[in-house]
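Here chain A shows up in two complexes: once beside chain B, once beside chain C.
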Partner chain A sequence: MAAGLFLLPTLLVFGVFAWWPIARSVQLSLQFTNLVDPAVWVGLDNYANLFADPLLWTTVRNTVWFVVLALLFGYPLPLVMAVVISEVRRLGGLFRVLVYLPVVIPPVVAVLMWKWFYDTEFGLFNQVLTAVGLGPMPWLQSTATAMPSLVLEATWAHAGSTVLIYLAALSSVQTELYEAAEIDGASIWRRLWHVTLPQLRAVLLIMLLLQIIGTFQVFTEPFVLTDGGPEDSTLTILLLIYRYAFINGDFGMATALSVLLAAALALLSAVYLRLTRTWSTT
Partner chain B sequence: MTASAATEPASSATRRQRRRRPQDAGRGLISHADRNRPRVRWTLRVVQAVFLVGAVIVGLGPLLWTAKGAISPTQEMLQDPLRLWPSAPQWGTLASAWAELRVGHYLLNTVVLVAGSWLVQLTVATTGAFALSVLRPRYGRFVYAAVLATLFIPGTVSLVALYLTVLDLPVTGGSIANTPWAVWLPAGAHAFNVLIMKQFFDALPHELFEAAQVDGAGPVRLFWRIVMPMSRPILAVVSLLAIMSAWKEFLWPMIAIADTERQPLAVALPRLAEVAEQNQVIAGMFIATVPPLLLFLVFQRHIVRGIGFTGLKG
Partner chain C sequence: MRGQRSNLLACGVVAALVLPAAACAGQTTSDDDGKVKITVAGLFPTTQEKNRQAFLNEVKAFEKANPTVDITPTESKWEAKTFAARLAGGQLETVFLVPLTEPQGLIKRRQIAEITEEMKRLPHVADFDQRALAPATGQDGKVYGLPTSMFALGLIYNRDLFTKAGLDPDSPPKTWEEVRTAAKAISDRTGLPGFAQPTTNNTGGWTLSAITYTYGGRIEKEQDGSFVPAFTEGPTQRALEWLAAMRWQDKSMGTQHLRNAGDLQQDFAAGKIGMMVATPSTYGDHVTKFNGDPKLFGVAALPSAGTLATLTGGSMAVVNPKASAAQREAAVKWIDHYYLRPRYDTTVAAQRAQADASDKVPVGMPRVPFYSAAVSGPIQEVERKNANVPLDNFKPYEQGVAAQQFMTEPPVAAQDLYAALDTALQAVLTRAGADIAAELRKAEEKVQPALERAQQ
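The block that comes next holds the complex of A and B.
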């Protein structure tokens, strides 16, 4: 009885704002809904329309490209920074604050800031590049450089919190193992490879999955910096969902794409967790 | 054979180690003997110097750029972006951004949204975790599983359906769109808070609760007088993470609150950046950054520890 009362806020909030919208998404994806006319069941029509939209494949390609670039730039970097910070010893507190500062800046402010930095004519980056004779770069203006520019900003904005997580994990690495390896004559690099990394395996694997799931849902960067341009080269899946729903007013198409994205990410997580479980037991 | 024999004691040792949480690690990857070798010592010094310069430029640089931009004339920002300090600081820009761009008004909206989100998150997490960890009803397992399941469903996926939900609530049928409730209530559905709160409650001495119950304390008394006072550290961590993340929100408040008058500063800024005087916009960006920055600098130990021991922060 009392337990029920204490659980009431949880049940209400999760029921109405988590479980209900998830169930509703599946229902909406099978309906035609524009909020004006009454919803009509249309079966799988939304999905059929979605697959017929050439923009879908553009956004899938762009999003996968963003995820891959973000992994290349952003996955090894926090690990390197965490290892250096934990080994340098002095000024550890200062380093922690400095690397976390970009995370503290509200994402919208960070993105607006980088819009200034990337400006082809007046931007900080091109002024520096011109000063050292490397010439101006088109940054957000060209289809080839726009996406890498978004990834650079996103990496800068998010790396800090991952560094702190790795630092916490590093502090629980068994120091006896380092000693044993050292007595056996292992060099610093070999100790890093054979002691540090295996001990961080669990956190490294989970951060990889979380980063992939997080970057698949990128929105603020392309929305504010490029609005999907130039020529749809930075139009991501979430941006397309936003356009379907809030520009075109077609909520059925928007939820159909949401459901597909959720299914893809769930499948990815399941396969990943299964794979990594077998790795960690061998 | 040899490989598994070698990893087995290591993995059980790791488990023991994790519970111990050593802070007094005398050594790390690089030993004292290594540090005494000149080559290692000099390499470390060079790495430290390079890293310090890099971290200051990358971490502090953009903040300083915003501070400088807030008091520089727009012309100077355009023509000489590398200038370290404005030729003639215009402190008035901050005041005119506050009044003319109404940054103060939007900031107040942000504060209202963040405060409510924090309160809802704390209420849901403490009461839910208390019921699940201390009162333990028989159906508790299923509720907990259903709460945890939402961790695996990315929040943006139910974004559109969530919007339609706040427009037309189930059962009651009313709309809370365009009101702070549309931001406050969904913020509470944050499974991660329930998870770490429950883990903390699970580790409290349950004999104490039984003793209190024998002495005639009801569940409410148990919650307010015993569990809450013992939970200050976790309340601090959950509060800080809740406030910092609510301050960063952009997409959901933009969708949930269409009325520009009621939008938080983060949603208003990109719109203002299209139309307003640029140095005023940068002043607005600076003002939006100061509160979370101060919060971080004051409570950085708690936040750094919080992120460390929560392990993951989505």
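The block that comes next holds the complex of A and C.
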């Protein structure tokens, strides 16, 4: 009884701000509404319309491509940075601040700053590249380089938080293990491979899952930098949801796609957790 | 990466939270005093003190003349992202302003009220220029909104760069071929893009549709009782070929092409663009928002490739669909009092022009008249007397626009059409040798399901 009472405020907050909206989203995905007249049940029509839209598969491909690139570059980089910073004997605090600084900048401000960096005519990157004889690069202006450019900005903007988490995890690794490895003559790489990574395994696995979920929801970068272009090459699932809801006023299709994305991520998470259950504990 | 979160989810949660309230969140009709209560958007911010005070004075004057109406003004502006949540939550004003690109979609979704009967009781209703009413006239012939400002797209050009390129700024291009020649001259002499075309946020498709009209084409047509894309028929392809020639043969458009109309305005004010397609009203942002030099701002009528046509931009006042009959009546009266009266009453026009001028808001820009020449002529004279814009810079526009046919937004799924054309434009301007016909076919395939959905 007492436990139930203590839980009640949390249940209320989650109920009102999380579970009920989720249930309403599922309901909306089965309705047509103009937000004025009573909503009309349309069965699976919104889902059928969604699968008839050729842009759906474009956005799925683009989002998966973003996730893959973000994992390739954005996943190992914070770990490397955390290990390097933890090894630095002096100015470690300064490096921590420098790494975390991009996270403090408001996301839209940071993205707009990168918009200027990427400008092909007056941008910082091409001015530097041209000065050393390597430029100019098309950056956001080409279907080949637009998505990697978004990943570069996203990695810069979000790596700081992950680095801090890894640093905290690194500080919990028992120093005796490193001392024993050193006495056994292990090099820095062998210490990293045989001591650091196994000790961080649980954190690494959960960070990977969070990153997959987070990157599947990429929105700000393509919204501000490219509007999904060029030629839909950076049109992501969330940007398509935005267009359905706020450009076309079609909340049925927007929530249908939101529900599908949530279901796909939930399934992916369940499979991932099942596959990695033993890895994280042994 | 871990921190990736979307504002969209928050928007979704907000929308989901407010939606159930929609059924019971109609407009408050009257209080204990029996007055009809309406809220009206459009109150000027405190940075425009004279206009703000004038607006509040007009509210008082209206309430005095209509003692049964109680008005609450707000500063809110049209925002696509918040419109749905505000409508569903009962927070949307009784009278609100929307860009000219929006009414057809709002009519289709029944998200604005029909006001035909209320409009018929307004003064000078017989003198309305139908071109001004067209953007908010439904396919059923009924009226769903009234104009508050309207401008026809033209060619905005940098007079200073024209001079530097050896061109005559008083004789701007009248055809797209002349634009191409001028763009090359500007680019060759100054190294800056001679012509710039937006390609994102649907603004590329919007301006490309205007160019298509001047080639004698359409981007949407009615066929067997339903609307289908028409941009694969030739004129749009010729317009894109013209752009491709400037981009890849002449190299007169620069290399930065993933931009919207707002980005171009900013670069134009900074003197980095020779020419672009926009409305003369961009002069306002040019001088007030981007601190551009008024002298370099030149405007000509939209050039042509055989057909004298243009597309209109601006805003319309529309009424909340949840408004009661009494509120609709009061709302339309307010629209007439504040937005239409200065277009037919010379005394009010003079007062408004003087308030604008003292707030340094541009006065004297050529606008699309709402009424016939007999009514609009004296108003234009009043505005000219109080003008604070370089009138000579607008002459080429005024001389050309009079003969042009004003086109309206495509009636079905306009934003989807513009988005599809954005993509085709991006292909043409960012990829050398792009197959234009194939890109237009791809755009057609992409937009077809959206048109079908919109007509179900």
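Here is the rule we go by: the second predicted complex is superposed on the first by the 264 of 282 C-alpha atoms of A that agree within 3 Å, B and C clash if a C-alpha of one lies under 4 Å from a C-alpha of the other, contacts with A are read in each partner's own complex, and residues count from 1 in each chain.
We adopt the following convention: a residue touches a chain if its C-beta (ideal position, glycine included) is under 8 Å from a C-beta of that chain, and two chains touch if they have at least 3 such contacts.
Only a predicted model underlies this, so the values are computations on that prediction, with no experimental measurement involved.
Novice: In the superposed arrangement, does A:243 touch chain B (first), chain C (second), both or neither?
Specialist: A:243 sits against chain C, while chain B stays out of touch.
Novice: Once chain A of both complexes is superposed, is A:132 in touch with chain B (first), chain C (second), both, or neither?
Specialist: neither
Novice: For A:97, is the partner it touches chain B (first), chain C (second), both, or none of the two (neither)?
Specialist: first
Novice: When the two structures are overlaid on chain A, which partner does A:54 contact: first (chain B), second (chain C), both, or neither?
Specialist: After superposing on A, A:54 lies in contact with chain C but is clear of chain B.
Novice: Quick check on the superposed pair: does A:227 touch chain B, chain C, both, or neither? Answer first, second, both or neither.
Specialist: In the superposed model, A:227 contacts chain C only, not chain B.
Novice: Quick check for you: in the superposed arrangement, does A:183 touch first (chain B), second (chain C), both or neither?
Specialist: After superposition on chain A, A:183 lies in contact with neither partner.
Novice: May I ask you to name which of chain B and chain C touches more residues of chain A?
Specialist: For chain A, the partner with the higher number of touched residues is B.
Novice: In the superposed arrangement, which partner chain does A:70 touch: chain B (first), chain C (second), both, or neither?
Specialist: The answer is second: A:70 touches chain C but not chain B.
Novice: Which partner does A:86 reach: the first (chain B), the second (chain C), both, or neither?
Specialist: first
Novice: Contact-wise, after the overlay, does A:144 reach chain B, chain C, both or neither (first, second, both, neither)?
Specialist: neither
Novice: If I apply the document's touch criterion, which positions on chain A are contacted by chain B in one structure and by chain C in the other?
Specialist: The answer is residues 16-18, 20-21, 24-25, 28, 33, 35, 122, 161, 165, 207, 210, 214, 217, 219-220, 238, 241-242, 245-246, 251, 254-255, 258 of chain A.
Novice: What does chain C use to touch chain A in their complex?
Specialist: 1-9, 11-13, 15-17, 19-20, 22-23, 80-81, 83-84, 87-88, 105-106, 109-111, 199-202, 254-258, 260, 272, 321-322, 413, 415-416, 419, 422-423, 426-427, 430-431, 445-446, 449-450, 453
Novice: Over in the complex, which chain A residues touch chain C? Could you list them?
Specialist: So the residues of chain A in touch with chain C come to 16-18, 20-21, 24-25, 28, 33-38, 49, 52-55, 70, 74-75, 103, 119-122, 136, 138, 140-143, 154-155, 157-159, 161-162, 165, 207, 210-211, 214-215, 217-220, 225-232, 238, 241-243, 245-251, 254-255, 258.
Novice: Mind listing the chain B positions that touch chain A in their complex?
Specialist: Residues 10, 13-14, 17-18, 20-23, 25-31, 33-34, 40, 44, 47-48, 51-52, 55-56, 58-60, 62-63, 65-66, 69, 77-79, 81-82, 120, 123-124, 127-128, 130-132, 135-137, 140, 143, 146-147, 150, 152-154, 156-165, 167, 169-170, 185-186, 188-189, 191, 194, 218-220, 223, 244, 247-248, 250-251, 255, 266-267, 269-270, 273, 281-282, 285, 288-289, 292-293, 296-297, 300, 303-304, 307-309, 311-314 of chain B touch chain A in their complex.
Novice: Residues of chain A touching chain B in their complex?
Specialist: 2-4, 6-11, 13-14, 16-22, 24-25, 28, 33, 35, 81, 83-88, 90-91, 94-102, 104-110, 112-113, 115-117, 122-124, 127-128, 131, 156, 160-161, 164-165, 167-168, 170-179, 182, 188, 191-192, 195-196, 198-199, 203, 206-207, 210, 213-214, 216-217, 219-220, 223-224, 238, 241-242, 245-246, 251, 254-255, 258-259, 261-262, 265-266, 269
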